[in-house]
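Here's the structure, in structure tokens; my notes come after.
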Amino acid sequence: MKTVIAALALALTWAVAPLALAQTAPPLPAAMATELVAANRILVNQGVIDVRGHVSVRDPVNPNYFWITRAIAPGLATVADLQAFDLDGKQVGGVSGEAYTERFIHARIFKARPDVNSVVHAHTPSLITFSVSDIPLRPVTTAGLFAGDGVPIHANGLVGEGIHDMPVGDSLAAKLGGKVAVLMRGHGAVIVGQTVRTAVGRAIGLDLNAREQINLFSMPGKIDYLVPPPGAGKASGNYDREWSWWMHQLDSH
Amino acid sequence: MKTVIAALALALTWAVAPLALAQTAPPLPAAMATELVAANRILVNQGVIDVRGHVSVRDPVNPNYFWITRAIAPGLATVADLQAFDLDGKQVGGVSGEAYTERFIHARIFKARPDVNSVVHAHTPSLITFSVSDIPLRPVTTAGLFAGDGVPIHANGLVGEGIHDMPVGDSLAAKLGGKVAVLMRGHGAVIVGQTVRTAVGRAIGLDLNAREQINLFSMPGKIDYLVPPPGAGKASGNYDREWSWWMHQLDSH
Amino acid sequence: MKTVIAALALALTWAVAPLALAQTAPPLPAAMATELVAANRILVNQGVIDVRGHVSVRDPVNPNYFWITRAIAPGLATVADLQAFDLDGKQVGGVSGEAYTERFIHARIFKARPDVNSVVHAHTPSLITFSVSDIPLRPVTTAGLFAGDGVPIHANGLVGEGIHDMPVGDSLAAKLGGKVAVLMRGHGAVIVGQTVRTAVGRAIGLDLNAREQINLFSMPGKIDYLVPPPGAGKASGNYDREWSWWMHQLDSH
Amino acid sequence: MKTVIAALALALTWAVAPLALAQTAPPLPAAMATELVAANRILVNQGVIDVRGHVSVRDPVNPNYFWITRAIAPGLATVADLQAFDLDGKQVGGVSGEAYTERFIHARIFKARPDVNSVVHAHTPSLITFSVSDIPLRPVTTAGLFAGDGVPIHANGLVGEGIHDMPVGDSLAAKLGGKVAVLMRGHGAVIVGQTVRTAVGRAIGLDLNAREQINLFSMPGKIDYLVPPPGAGKASGNYDREWSWWMHQLDSH
């Protein structure tokens, strides 16, 4: 928490500083910038992303722009690290510096899914497990109900390569379709939401569901899967109480 | 520990402060309030409950009342967060603010089980695992002996929904019967005890037993289950030594 | 480390203070007392014992006496908590206060095994797993080689009860025989050594071996067990380098 | 981080201090010494090595020399603990004190593999698991792609003994061949790289891959292994972003 607040203070300084690269996007509002930084750190702290995952948010004014940190370890993110891109993955604002080559994941999903305002890309071990198995990831806990419409698997070649250009980004977005998550074969997963908190909460919930499902398979007997009605992922989840706890854990870590 | 003590000091201040809502229940004695707050934090610290679990205690004077925190993350609980309810789930004391919609779990079990003075509701992964399996949870360690009479599963619809009203609360209490724990399909578990320490100790023990049983199923061979005599859960366990350690762990965390 | 050193300072004070109970045993030398306290804390810190495990050391002067803490959570042990018992489990020195009812484990093994100078009793989950399975615990890592002569299982009734008197203690010691460890059905394990460091190091190694063996069973295929020559547990292991690291971890925890 | 920096300061002092043993190797440049110390601590902090693992780096001037800490717990390493050896395992520089008896692992691999500049030896539980199984370790995540050419198993007798002389070191190096890792039956693994960061990053990635593969085997269904082209381990990986995060975790631990 202290780190996040310090990062915010730093952000306010940065907000008035001239930037080296030509910009067209006005800065992300400070509250949203702080929330995006917190999302990065929470996902790391909860074990969902590691040093190569990322989370983005759609610009609240221009829906063709989105914000994400520059290519750093997300556990080190501050609001001074944010960059803005358009839906073709071209930088339109924020700090200069190396950009994530996988920003096309975010760009093309924001393009294809106007209802989505936040995208998480993670290499969570439990989700990679399901990405190379023919056992489907299915809800076994209320924390994973939102995935009731299924979690498809996108394969990028033979080696679980990342998404480094627009065509493969479009392919991934097509595989995601109207669902809330897509697995990436041998690589990771993408989870989307109407808000940053929803995307983060779902990423944490999907990992939990996957781990419980792996436990279930280590036992004999029949799994009594939950059967949510179609469209379980349409409504935005409320993760405010979780957020207060995850922020506290950041602080006491 | 320091946090808990600070919370107690805050509680003493609160105890003499006028409350906004009309009350009929006198405050919970400070020692019991402190113990209930500690129970919340211990269950979080030991990995048994997360941001949506809760623990309650029956009022020592009026057996038709019980105490529980308002709807917050239990890891953040202080004695200033306590609310009192009657056995129909109507608030009768404590602070104002949002109440747990799942308070009917506690209300209806306190109604049905006069011998029970504390109720834990948890979404422990190991217990959710057994809640969607046809493999019964059975004692494999002395820490789980109290569950020797069996742990039934209560199903609430197809999606592991929580308990948000009296009729479903009564249904859950009926499934619990005279036992010490009931699993909630795809959702979690409820564990009861004659004291707060017993309910907390049993919740931690049941999680441990479930994890060991999952390990056993990952091996071939035959499981040599423990066979406690009927009524193993009738006597209140003594968890005082555990409590001293869990309190220490809170402090050093 | 700091806690351990402070505990030692406290011990020196205690050593000259008159004790309430009549004593026949002179105090344990300070260095040995400090090492025994460290053993308690290391075993907790490494996840091998919890709030109900214990570790003892034979008195260096009188081989019919041994030292162990009074009945407290071992993570809280200080040298001011040490008690001495004879091999019938009668207190002969140290502080007054509640004694472990399971001290007969230690007493009767020290009686039966003159070569043993330290005994660990643990409820390690991985070891309880093997205690209720017909799959034998066998070496799969050099850390578990000392158990090459096999780890028998002692059953105490149907419910994994502890060892609370001399006859059952003798039964356990008989099951242990000349080996380095014995599992207690549904309850835990006992690990012995020629020194405190050896007993502690073996307890940590046996847990590691058990967890790796459980992993192996979750995979198909054949396990290529290690085949140590008979008597692998006869020689005392050298755990000095491990000890330096475990002490450091206590300090930085 | 602070510890590492303090260690560096200490190293600068040491660098000018006369050493007891006759030396032929000039000191390792300070930046490389600091990196090697960090590698030790990172591997411990990430759970890949424990108290008996080690990591080495080839001398940048004399390719027939390499550096490694003296025989201490690697989590306690400082730059004042470094020793230099030639490719026969004879000390040629650095501090006096006990040397790792397993230094022949490093010596003989540096001898056999001129392309390798860093060697990690670890007793990682997940890797020991595969070392005593006939299930081959294969890539299921991009983090393990570098092992696409296979990970052979070297057996040293019946008890998973370490590598304590040149002939067995040569045998291990022969089993490694041109690959990036070799398992040691019942003992551990060796992972090599063109740089310290590559060897460390691969060791962490191989552990992750092994753990995910174990998860996969606990599920029914077919594993869709990644199929990297031959020579996946030829190119040095870029682990700079990971390194920044692992260093941060050292600091905040």
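A, B, C and D label the chains in the order they appear, each numbered from 1.
One rule holds in what follows: a contact is a pair of C-beta atoms (placed from the backbone, for glycine too) under 8 Å apart; a residue touches a chain by one contact, two chains touch by 3 or more.
These numbers come from a predicted model, not from an experiment.
Common neighbours of chain A and chain B, by the contact definition above: there are none.
At the interface between chain A and chain D, two copies of one sequence, fewer than half of the residue numbers in use appear on both sides, so the contact is built from largely different positions.
Centre-to-centre separation between chain A and chain C, using Cα means, comes to 47 Å.
Chain geometry summary: the mean Cα position of chain B and that of chain C are 33 Å apart. Within chain D, residues 218 each touch two or more of the remaining chains.
Within the complex formed with chain C, the residues of chain D that make contact are 50-52, 71-73, 75-76, 123, 125-126, 128-129, 132-135, 158-162, 185-187, 214, 217-218, 253. Against chain A, in their complex, chain D makes its touches with residues 139-143, 145, 148, 208, 211-212, 215-216, 218-229, 232, 241-242, 244-245, 248-249, 252.
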